[in-house]
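Okay, handing you the structure first.
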Amino acid sequence: MRLGLLVYFLRKALGNIRTNPFLSMVTLSTIAISMLILGLFSLIYLNVQQSLHQMGGELQITAYLQETVSSEQAKVLRSKVADWPEVEGITYISKEQALARFRSQLREYAGILEGLKENPLPASLELTLMAQYGRSGNIKELSTRLGRLPGVAEVQYGRKWMAKLRVFVEVMKLVGITVGGLLLIATIFVISNTIKLTFYSRREELEIMRLVGATDFFIKAPFLIEGLLHGLGGALLAAGGLSLLTLFLFSHLDLPLRLAMMAGSLPTGQLVAGFLGLGLLLGVLGSMVSLRRFLRP
Amino acid sequence: MRLGLLVYFLRKALGNIRTNPFLSMVTLSTIAISMLILGLFSLIYLNVQQSLHQMGGELQITAYLQETVSSEQAKVLRSKVADWPEVEGITYISKEQALARFRSQLREYAGILEGLKENPLPASLELTLMAQYGRSGNIKELSTRLGRLPGVAEVQYGRKWMAKLRVFVEVMKLVGITVGGLLLIATIFVISNTIKLTFYSRREELEIMRLVGATDFFIKAPFLIEGLLHGLGGALLAAGGLSLLTLFLFSHLDLPLRLAMMAGSLPTGQLVAGFLGLGLLLGVLGSMVSLRRFLRP
Amino acid sequence: MIQLYHVYKAYGGDQYALHDVTLTADKGDFLFITGPSGAGKTTLLKLIFCAEPATRGQLLVDGVNLQRLKRSGIPYLRRKIGVVFQDFKLLGERTVFANVGLTLEVTGRPRAYIEKKVRQVLRLVGLDAKENHLCCRLSGGEQQRVAIARAVAANPIIVLADEPTGNLDDEITLEILELFREINRRGTTVVLATHNRELIRKVPGAKVGMLRQGRLVAAGVAKQVMAQRSALEMSSQGVL
Amino acid sequence: MIQLYHVYKAYGGDQYALHDVTLTADKGDFLFITGPSGAGKTTLLKLIFCAEPATRGQLLVDGVNLQRLKRSGIPYLRRKIGVVFQDFKLLGERTVFANVGLTLEVTGRPRAYIEKKVRQVLRLVGLDAKENHLCCRLSGGEQQRVAIARAVAANPIIVLADEPTGNLDDEITLEILELFREINRRGTTVVLATHNRELIRKVPGAKVGMLRQGRLVAAGVAKQVMAQRSALEMSSQGVL
């Protein structure tokens, strides 16, 4: 396409926007608000997933070692298990460390320790799993494998609340993907509906263009550029709104919530770029599809 | 308003819908999809809140009793504390019960118990709180109050993960309310935009009506009824879609997830009625506001 | 019935579409408004049925002072006036019947009456066979006749017709003129804006107001004005 | 240039808007299409510039067989044809300049050329002063002239004008007719659909096709057809 033609189409598109400020405003704001909701949801979803991941990451498998295993042998075992693909982290807890932890963590049972002459707690290896292996089937299989290793006395996993949390994480994931997917579809649908309506109210103009001998390409091009501008503008507005909104929410949170959110992701340059891309796509594709409807013979 | 006139307006409205099936379809589907998203979100929010509530309900305060407190005295204490408004449930755990629980729950530390001659664990009262008193400020205050009671040796609450969960619940609440509120605003905005566009493309018709001597009321009434029908239809579609969707999701869930969801609420007659009401309101109010714009002199 | 006193109309700018127009049409009058393209004929009609407010001057229609008429009163004034718009202003996606019936519906006439009346006026304009056609599918002349039928359907006391025969052949034009004369004879005031001199010649007893660039350059009985005008043209041609 | 062989056109139903029409206009011809309202004049023009497909028969325009023309070829055919639509089909929210320039823009003419050419044709129709007005704010006659200007701006080899003077006074009508005759003299084929017999009488050498209920009831040179027609009318009046 010649540059002159491009400039011509761009000028036409701007002309269209100026001629129909109402239609432009509606399209722009619909795209903006739809994308704002979508963006807000994604951001929240990412944050929640991240916090859940952190909590879920604590789902540990503990392999208690036999009394006979020396700390050197334990370390060999550790490096062996660390190579398993499911394993995210692995820590060796010696008998002494176990006792110290018991003392600090289970203070209400501290009385128990008073009558002891020797340390009854075993050494252990504590494994955290990669998130994608966190399903209960995998964990069972893994713990069986762990139990078969020489030197491992017993394998433990999944306390009651952790299992519940796991279910909850699953539900959240499902919820997130369902709502997110539907939201995306709804956004595309609403935007395309809006664009269709704006073309509907301009169908006479489209018809007249055709009657005076304009090719379909010539008619479409300015409208596609218009759609592109609307999409870009809407995405920019949404990105701006999203940033403001998160900043506002952020500054109104209690400290712990704020820290929890810090762990997640705030809107970044990358996210904004992706947003603009999506807006652009929505604007152009929406216009393309809608135009076809009104350029049919 | 005379009944004849109402029938006339209704027939006009149906005529409008038949004349402009495209516009009706767009309005109807936009209302339906917007409300579907809104409904789905509300449903999920309710469910998640309920599950969180159940998990959060486990946030306990444990008051360890002095060795000198007899079980009768403990029971007096229990019934006293049970009357406090913040307290949802209260359980007396005797020394023996505590030991048994330790054995079963903390099996990895079972070795500790081997060398004991007498039970070092204290008796305790375990309190669960009403959800609305679950904020950390209240808990602190409550535990101070508990600690001052005669016979109470020590008060413990909020293990690490519980605190985290609590933060998470707060975040979820905030997220839910934010997203939900924005979703509602967006829905209203999108629906009103759509209705505005349909009137925009019919502005000539509105103008002609005025030119032949129709009063504003006479012009508006059929359009309002049309909006009402669209709103009602959209809400019905959304309610139907929502029911199908939840049924579908439900039948594709793992058992634990299904149970988790069972705990929450599925769409009920009440919810559907509320939905229809909201749809009706959106349709009529949206039309009313949009019409005003195009009936200005 | 219609009185204009020193009426001015400017659309935004400082150019007047109507400039100091004083004109009267009494009950039962047949008034032609004529003049070249852009003279202000349509503007004059628009003022009469409150589609535009006058910039200055006094307008009285059926005793109502339009400058003082409230917005809520406009529909009731318009029901007394049947208008044939120059661009027809039909609802293209509605049937001929629905379009013609519109003026009757807005006044709340019963359905049976509407059906009878609509069929009757459609017969008058020769479109009884097209009752159920969509207006956008009619020929130009057919649309114009629908517009005429709509204007007269509600038995208005004033009919304003803006170039109502521009798309009609001579034969139908005469029939339509006869239609206007007939309702005029029954007491309706008819104001007809046209370029067609033939039309004016056919109603020698009518009043004529001739506009040129917004000013009333001639007014009086048709016969006289047309004669005067011919003389004027001849003299102006002689000058050029 | 334009050839129709046994052309039929039905809009959906079984009634023909055109019924077995055979008609030719050679390069440089001036062809009037006349006939009463609803006779099929507009339909005939619509077939020529591919706004509607013929139901049956052969159409050739500038050597192109329209029955075989692909959708993608239609715009290029239309660029050779300037059309004055009966209902103008202007972009109301655009300026006069933008409307007239449209036909030049779609063929990719440079901006400077467009400006020059648009001003020139606007001068021809007497609207040079209204260049920057929005079309919806023009009077009926002014709009019609914009439509005429748009049709001739791109120097088409065929001009189709559908009742192009229905909203114009006698003086401007003559000027417009002169405009069409001028471009006709330069070799453009002009097809003019009209009710106005005066117009036809003014171009005695033109061809005339007379339609009635979709059938071509008379065709030939204007002078002869009009004479024949008068005779016909007299005899039919005598019969009635």
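Just so it is clear, A, B, C and D label the chains in written order, and each chain counts residues from 1 on its own.
Operating definition for what follows: contacts are C-beta pairs under 8 Å (C-beta built on N, C-alpha and C of every residue); 3 or more make two chains touch, one makes a residue touch a chain.
If you're wondering where the values come from, they're calculated on a predicted model, not measured in any experiment.
Engineer: By mean C-alpha coordinates, which chain is most distant from subunit C?
Structural biologist: A
Engineer: How many angstrom lie between the CA centroids of subunit C and subunit D, rounded to a whole number?
Structural biologist: Centres of subunit C and subunit D (C-alpha means) sit 28 Å apart.
Engineer: What's the distance between the Cα centroids of subunit B and subunit C, rounded to whole Å?
Structural biologist: For subunit B versus subunit C, the centre distance works out to 63 Å.
Engineer: Subunit A to subunit C: how many Å between their CA centres?
Structural biologist: Going by mean C-alpha positions, subunit A sits 67 Å from subunit C.
Engineer: Specify, in ascending order, the residues of subunit B that touch 2 or more different other chains.
Structural biologist: none
Engineer: Hunt down the residues of subunit C that sit against at least two other chains at once, touch-wise.
Structural biologist: none
Engineer: Quick one: do these chains touch in a line, a ring, a star, all-to-all (complete), or other?
Structural biologist: ring
Engineer: Strictly by the criterion at the top, what is the full list of touching chain pairs?
Structural biologist: Contacting pairs: A-B, A-D, B-C, C-D.
Engineer: For the complex, which residues does subunit A have touching subunit D?
Structural biologist: Answer in residue numbers: 5, 8, 19-20, 204-205, 207-216, 218, 297.
Engineer: Once bound in the complex, which stretches of subunit C touch subunit B?
Structural biologist: 49, 51, 71-72, 75-79, 81, 83, 85, 89-91, 93-94, 98, 102-103, 105-108, 150
Engineer: Under the definition above, what is the set of subunit A residues touching subunit B in their complex?
Structural biologist: Of all residues in subunit A, those touching subunit B are 22-23, 26, 29-30, 33-34, 36-37, 40-41, 44, 47-48, 51-52, 55, 58, 62, 64, 102, 106-109, 111-118, 120-122, 124, 154, 156, 161, 164-165, 167-168, 170-172, 174-175, 178-179, 182-183, 186, 189-190, 193-194, 196-198, 200-201, 249, 253-254, 256-257, 260-261.
Engineer: Along subunit D, where are the residues that touch subunit C in the complex?
Structural biologist: 11, 35-38, 41-42, 86-87, 137-142, 144-145, 162-163, 166-173, 195, 197
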